[in-house]
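The chains carry the letters A, B, C, D and E, assigned in the order they are written, with residues numbered from 1 in each.
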């Protein structure tokens, strides 16, 4: 899993039926300190994440399909948690 | 999923039978602002995408095979939507 | 598999039920000499790893689900061993 | 799928029985304009590709095993087509 | 598959039972000319590879599990051949 931040969404009128009715979130990838890395993923949402929120993203297709309970979902990335904090080791 | 833009197609006369009859699109990868990243994928088409169009590409083999409804498709990347707009968070 | 070092954990109050009750470790990726590479993964824990420990991380979903003995685990990365030493060839 | 060019092959006398009798091609990765990227893959051959030829390479294990019709093939990359041309959009 | 060179091994006293009894090799990744790329993988061994040897590494979990004949092996990378030579095209 990786950390991301929801920054937008994709609008698509023409698409494969299997995409129908699913919100397509744009999430920028974050490093472990919460800074954007420059990368992004387009992810489905399993928990109701909002713009600007830091989230936990599963980036593995078979696991993602099991969460959606849909063996046919065209999915690789899915938002599975809202991140309250990342507690880093201090020494 | 990732964002891409259709920039061409691959012509292949000699190929494995399983590729027969499928158009092979060249799609450059885009960042979340729609700028080319320098990377590309060769993708099948599930929706009828045209040259120059910004598209949504699923880059995961098992999901892609389910969209084509063909368990034997030699596929990793498939175009699943035409992107009208990417709405980015503004604050 | 890759080498990592546990540097923290993710706190998430709102999440998909399937994440419930699992500790989410932040592990920085290490190179083969044990130096951080700058990358990280968020991993589940199968062995009771503690902060600062160097660990062995499996980064492949199907294998990770088998270790957790849970076909539905939303997992790609899992800590499977604590590393005592990396013995490098000397000539 | 990606574009590659066959540049050599790997000679291996001692190997797992499952590799026996399969030619191991070295293919350098090409960008969408046909320039080498510096990367490479070692691929099996499903079509009879020759040295110097530009080819289409599937880089996904489950799809590759289906092409070889061998559920046990230790394969991730396989050559599935010879590329005659890459037609790029001109405006 | 990729080319690697065995440079060491990982010592782990505390680990998941499924790792028990398997040697964990450290293999640096090589480019197609046999030069180290800076990357590495930790791999299981299917053929009896020794330190300093150039090897062929399969980096795909499902194929790797089939080679070990163990559906539960926590594995992504496995050494499947010792490389005698890489024959590159000369023109």
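Just so we're on the same page, a residue touches a chain if its C-beta (ideal position, glycine included) is under 8 Å from a C-beta of that chain, and two chains touch if they have at least 3 such contacts.
Bear in mind that the values here come from a model prediction, so they are computed numbers and not experimental data.
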Going by the touch criterion stated earlier, list every chain that contacts chain B and also contacts chain C. A
Nearest whole angstrom, what separates the Cα centre of chain B from the Cα centre of chain E? 32
Rounded Å distance, chain C centre to chain E centre (Cα mean): 20
Residues of chain B that touch two or more other chains: which are they? 61-62
Which chains make up the ring, listed in order from chain C with chain E immediately after it? C, E, D, B, A
Provide the residue numbers of chain E that touch chain D in the complex, in ascending order. 1-3, 31-32, 46-48, 56, 58-64, 66-67, 78, 80-89, 91
In the complex, go through chain C and note every residue touching chain A. 6-16, 18-19, 24, 26, 28, 38, 40-43, 51-52, 61-62, 65, 71-77
